[in-house]
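Two complexes, one shared chain (subunit A), two partners (subunit B, subunit C).
Showing the complex of A and B:
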């Protein structure tokens, strides 16, 4: 049943312990929000799961396979994909090409085929364009296929990131602050998008600061503080916990 | 007439080299000032093999293979890390190559170079003068241009653009960035190999000066003037700059000044384009 298992993961950066002996698992088709104050280790846990950093100790397993030392691209192939807090779009490429580059299908991605089998490559390109266009429609950017990614509004850029991550075909999707910086309208669109991903059967792991949004989208919450996983539970239980509330909102905490 | 044909042939050869440089510099963002060295390796390979009796097509194929391999090896540091430091590494590659051309005398003829490179013959047809050779050089440029165009419109071309834009995002999409970069370096090297094979057989004489740092910088200038990233830019730049060189040759100034004057004009053009039109005549901003 368990999709992702993180066991006893520790990661230090110099003297700072970014993650301290963290263990948790996530079941398929569940939406888990990662919360905690700044510097709690939220992005670090994302980086460990997606292979952007390697932990000193501990393991990460996905669908029963140990992926602690797997390459980043291998993890995507196995079904784990992520977005970034700072988006990392290909700003000078069209929205369509942004998605096309991320499609799971490797066809047409080598130079020899491109140069020596032009008709085959043209057919592959047509197929991929259709697939990418369908994904853009799915995230509500069907009217923006030819627009340069850099010219989109911030909310549209964030939706484009969702289309890119869907293009990889991943089952486990990690979204790093998908709602941050969005105005009310765009925020509701994004929350609706997250619900649509849930309905599609994706397993979601989401860094989210806004507790109201956490309550709207999360089945489960992981609460991090200074590299420790303080608690794992339902949104209501976590939000009701007074100690966690003090940590999160800084009430009465004196240094 | 022969004068004009000769200009076209050399401009075509440099266009092929500009496509090679464009693939690295414009498309994937590896700033290299060593493409003349790679072309030199292609020229020497072709010359040495043909002087030993190898037919031109085979010698050119060998040059293409050797240059593809060497270009991948020499750009390996840039394949591993993205960054501007590679320009220094490529500068080193260029200097090492020139040193090898000068000092490996048994093979390269040292500073005096190799002369008497045989005339190209393909299936009984000879290409002894500019009138015949232009068919060969034009055909090669058309093939290289077609290859570049097909590459750019394929999914692979989009992948290359994406790598230049944001390498981390490409990795996060599950693509093998290293493999894609090795592929484009190999194609770039192959183009330089074609340019080298044509150059050696057309001029029938090569020496280390033909492929030194000035030539590498000249190609970069051609690309900046013509415009990076586009096919048109790789062709406009070489034709324009070589035309300027030709004009200087016919203007009535002392022959001792022609060389320095050309360098000066190229330098001024490079600075002017960088300041006022960084995207070149028909390209996109680097």
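Showing the complex of A and C:
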């Protein structure tokens, strides 16, 4: 069954066509990289899928349901979560709390229960803390649980963003440039993290510039250029295509 | 001895202002809405309790019902006033003016439904005193002090040690991100205003029992509470509560050294000095929001 289907999506900003009649679908448990030069529409397609912008025409369907006009947290509830190029975290909260507040809600978590059944609420909190701590360990931040999110290093913040996204329990995870700005060591950690997510059966959609990393992680590549989806195919096929290479790397120099 | 008595009186009334301050601050830090109508809910809850006591309701039940009514009014204020305005793109200034409008409505509703005059609770025990050494404390003062401290501790515990409280802090920290995680800020805002309103009903009723009720004076209480919030560091419940007590003690003690009519000026004078010397507040706020 197809997981995500984008059909004939068009979005303009003033005179600029950010997305022009884009259609593609993504199967479950596949990792798809979105590539293309700057301004190609990569982030726009993320924004359409996650509800940050509404397309003028076209539809987005997730697991057979039309979500074109669903609001953002409805989409999260249905199992779509994303990270951002400019990291977004609850900077005033600890790393653990950042993950904890994104976990699925359960009964006993509302203010009234907290007041009248404090022990029940405390038990719920203990369970959630353990769950959040396990996710932090999974992304390699097990030693930073109590640190304020704002005090973490750039690489650690990126990993925390992934833990936050995982906490939502999303099946479709969109990562916007997860490896940009990372030093070599942190970069390998991130790639390993992405492989771990693949093994867990997540469907991943990733904006990635580095073609070597694309080859390491992608099952499939979507190539965007000036709002058009130019090609969809395996990483090797896309990278071998000379015309796409010219678009991506500029005229005349094919990698 | 006089000073000790004034000090204790100041601490008790500081506790009451402190509760107004932390409940106002809790909503303000989370939503950025300058909820002036908080003063109206404070007044309304006092008069509701007074009316119920007049009908023969036991005081504890009247207090509980007044708290419940405040919770409902707070919840409805968020749902029917602030939320629709925010959804139609209202600026913080528009929200504050709407809030002032609601305050006027609430004060006048109180005056029309109950009484425009100063009223006192018909409770025989409100004048009974306990003496602790040389200090006299009225029973309402004692209850007010104890309940205020419990509410303060309860709110701090709730905010830091329950999942629901952490969510509210998360929404306060980054609303945009909250929208795209599992948190639903609009629901959280209504919860916060319900909690804040329920809390502010306690001093609303008990200060009324201790002193008297007036429909139009609660704005001065709120003003002092807001001053304490700013001086204490916006977003810090402990700072707001602590500064409320400091300001109320200054106001109370000033009576001993200057004419009573200057006591309010003493409070605001202190505030101006404080804000000149430590503009970030007593406890440096971790919230990015500031006035």
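Just so we're on the same page, the second predicted complex is superposed on the first by the 245 of 255 C-alpha atoms of A that agree within 3 Å, B and C clash if a C-alpha of one lies under 4 Å from a C-alpha of the other, contacts with A are read in each partner's own complex, and residues count from 1 in each chain.
Convention: a residue touches a chain if its C-beta (ideal position, glycine included) is under 8 Å from a C-beta of that chain, and two chains touch if they have at least 3 such contacts.
Remember, it's a predicted structure, so these values are computed and weren't measured experimentally.
Trainee: Sticking to the clash and touch definitions up top, decide whether subunit B and subunit C on subunit A clash or fit.
Mentor: Subunit B/subunit C on subunit A - steric clash.
Trainee: For A:186, decide between first (touching subunit B), second (touching subunit C), both and neither.
Mentor: neither
Trainee: Touch test for A:133: subunit B only (first), subunit C only (second), both, or neither?
Mentor: A:133 sits against neither subunit B nor subunit C.
Trainee: Applying the document's definition of touch, where does A:147 land relative to subunit B and subunit C: first, second, both, or neither?
Mentor: After superposing on A, A:147 lies clear of both subunit B and subunit C.
Trainee: With the two complexes superposed on chain A, say which partner A:231 touches: subunit B (first), subunit C (second), both, or neither.
Mentor: In the superposed model, A:231 contacts neither subunit B nor subunit C.
Trainee: Which of the two partners, first being subunit B and second being subunit C, lies in contact with A:196: first, second, both, or neither?
Mentor: neither
Trainee: After overlaying the two complexes on chain A, where does the subunit B footprint on subunit A coincide with the subunit C footprint?
Mentor: The answer is residues 50, 72-73, 76-77, 81-82, 88-93, 97-98, 100-102, 104, 109-111, 114-115, 121, 124-125, 128, 164, 167-168 of subunit A.
Trainee: Across the complex, what residues on subunit A touch subunit C?
Mentor: Listed in rising order, the residues are 50-51, 72-73, 76-77, 81-82, 88-93, 97-98, 100-105, 109-111, 114-115, 121-122, 124-125, 128, 164, 167-168.
Trainee: Touching subunit B in the complex: which residues of subunit A?
Mentor: My answer: residues 50, 72-73, 75-77, 81-82, 84, 88-93, 97-98, 100-102, 104, 107-115, 118, 121, 124-125, 128, 164, 167-168.
Trainee: Which of the residues in subunit C end up touching subunit A in this complex?
Mentor: Checking each residue of subunit C against subunit A gives 154, 158, 161-167, 169-170, 172-174, 176-184, 191, 194-195, 286-288.
Trainee: For subunit B, which residues are in contact with subunit A within the complex?
Mentor: Residues 147, 150-151, 153-159, 161-162, 165-166, 168-177, 179-180, 183-184, 186-187.
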